[in-house]
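Working notes, structure below.
Think of it as A, B and C in the order they're written, each chain with its own count starting at 1.
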Amino acid sequence: MIFLVNPSKFNKVADYVFLPVLILSIILFSIGLIFAFYLSPDDYQQGSTVRIMYVHVPSAWLALLTYVIMSLYSIAGLAFRIPFGFIINTAVAPIGAVFTLICIISGSLWGKPMWGTWWVWDARLTSVAILFIIYVIIIFINLSFENRIVREKVVAIFILVGSVNLPIVKFSVDWWNTLHQPATISKLSKPSIDPSMMTPLIIMTFAFIMMGIAIAILRIKTEIISRKSYLS
Amino acid sequence: MILVKDLSIERSNKKIFENVNLSLGSGKIILLKGKNGSGKTTLLKALLNLIEPSSGAIYWKGKLLKKNLYNFFNHVTYIADRTSSLSNLSVQENIKIWKKFFLSSISNSQVDNILETLKLDIYLDQKVNSLSFGETKKLEFLRLIIENKKIWILDEPLSNLDNESIDVMAQTFEDHRSKEGSIIFSSHQISDINVSEEVLL
Amino acid sequence: MIILKKIISFYYREYKLNLSGFQDILTNIIFFFVSIFIFIFSIGPDKETISSIGIGIVWTLLLLSSTLSLRKFYQDDFENGNLLIMHLNGLSFGFIAILKTFSHFIFVQMPFLLSIPIACILLNIESDKLIYLFYSFALGSFILSCLGSISSSMNLMNQRNFLLGSIIVMIFSVPVIIFSVSIVNLEENFNSLISILFGILLIVFAINPWASGLCLKLSLENN
């Protein structure tokens, strides 16, 4: 697992992994989209709009997962002085921002037919919007500092301070009475979702993960090359 | 008291200097010489534990500086190349703040004497931002006397000073040396200050 | 004993500094009142509407005007080297952050306490709500000071885009605004809401010396 903290090892592993991951993500996307649009049933309440879920839920999960990864690498960078953590932070932040944006847009498209409005100010929606703004601030900090050492450490500190938002996003549906439905899939209890909808959801989730990994590999490799002299 | 062993510092993969050895005992004055960008300020900052050395170590009284930091700070005055006096306040108020802040036991008449030798006594009630650059620099040196510490770390103390003030500085350095104090300062101009060691970076 | 003397002299210095720059603080307060005028002009002078959203307006403007003065939080002391001198005088960076936070709370936020009753008269807020507004402001403004310390220490080396500092404060002050406003509006939940606000204060107060201290050290190292 040393390739997760060492840039040159990461480069080697990434060279092997990149093409299979990309192909796998394309295959999973095609299967998943066929499942999502033709093979899965309509919801008895929501009708055909439930199919938005197959984009909305995986992107929401990945938006949170990306932030968790960034927090872990920030701790690694600050506490254990692993510079690779800072590389991950710069490389991965835009990916997380895009996932959050996909989540917000698809959710608002879903909300219009179901709730009758594009946007409501409830806890889940607001906290996800704040998550998006935090991602944008991270990108802006990356752009506006000139001194690289200061910049990457400030970004890491900001990510750690901003991670207080994560539990709020996750548990907002349980803590407050929100319009947004509570989580249907959880580890502890039997999922309250039908297997025929579960299959495409899982396939789509893996497709999103593979796509995310493929883009992340590309961005991390660029980042490593751009500061090669500093790391060698 | 301060011992620098094989110190090398690199920033952004660029070597600034390598294998510097220093020992600053009591009654010693060390002059750091070198071109612009040769790392004089960096070395002085490393002595204050602001910059992590890439190899080598700094010792204070036989212990690593990092482990003994606040004890070290009790004995050191640092004057940077910028002036730290508060520009919105008058000279007198600045002196009063410094005396309180550094818990100084120095008497008012002593301060007045020094102000007179530095020719700052006429500006006592004026705001610092109405003083010229050289005069604020001279005001800054008043901190050396007020803080009354053993080790002086000075960054470019002689630039922007007239010859007369440089003579005063040289006299102050001599007095400090005779009181078993030690000084390390950087300069790129030639002066007749009597130094005990020169280090070329 | 020595540390106590150092703290007292630190506040003496801050007092002198803020006294000489008192027009800055006064400008903040003027900004606060002018914004209230603008708000009233834009929504119309209807008494019912104004008193129903008055608390929200007061809190929004308090937040905005306290972010105005963020640039001065550490920047002056950083640029003329006083932060380093304080550190060399035996105060750790985290401790400097705590002292500075209290100084900002006392010298910048507290003058707003005097302007709140006048704002209440202008915005038609009933006088029995005033005491709740004071409570929520006393806690909330301290949280804002802590957040201001974190964000302005982050932005010391940022020469290009200082507005980022204000955005960072505003994004983290969302829970403060929510709970402070609801303290005033929902008086029956006073105890539980003030506990939540106090909890947020403790969390932010615990993060502040770590984050600000680290950023101050970082900026001084690379300056």
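The working rule: a contact is a pair of C-beta atoms (placed from the backbone, for glycine too) under 8 Å apart; a residue touches a chain by one contact, two chains touch by 3 or more.
None of the values given here were measured: they were computed from a predicted structure.
Undergrad: Most remote chain relative to subunit B, going by C-alpha centroids?
TA: Centre of mass proxy via C-alpha means gives A as farthest from subunit B.
Undergrad: When you take the mean of every protein CA atom shown, which chain's own CA mean is nearest to it?
TA: So the chain nearest the centre of the shown protein is C.
Undergrad: Where the centres are mean C-alpha positions, what is the separation of subunit B from subunit C, in Å?
TA: Whole-Å distance between the two chain centres: 36.
Undergrad: Taking each chain's centre as its mean C-alpha position, how far apart are subunit A and subunit C in Å?
TA: Computed value for the inter-centroid distance: 33 Å.
Undergrad: For subunit A versus subunit B, what separation do you get between their C-alpha means, in angstrom?
TA: 52
Undergrad: Would you please write down the residue numbers of subunit C that are in contact with two or more other chains?
TA: Within subunit C, no residue contacts more than one other chain.
Undergrad: Residues of subunit B that contact two or more other chains, please.
TA: Within subunit B, no residue contacts more than one other chain.
Undergrad: Where in subunit A do residues touch at least two different other chains?
TA: Those would be 149.
Undergrad: Please give the residue numbers of subunit A that touch subunit C in the complex, ascending.
TA: 78, 126, 130, 133-134, 137, 140-141, 143-147, 149-151, 153-154, 157-158, 160-162, 164
Undergrad: Please give the residue numbers of subunit C that touch subunit B in the complex, ascending.
TA: Where subunit C meets subunit B, its residues are 2, 5-6, 8-10, 12-13, 16-17, 20-21, 79-82, 84-85, 87-90, 220-221.
Undergrad: Which residues, counting only subunit C, touch subunit A once they are in their complex?
TA: 150, 154, 157-161, 164, 167-168, 171-172, 174, 203, 207, 211, 214-215, 218-219, 222
Undergrad: Any idea which subunit B residues touch subunit C in the complex?
TA: 45, 48, 50-52, 70, 73-74, 76-78, 80, 82-89, 93, 97, 100-103
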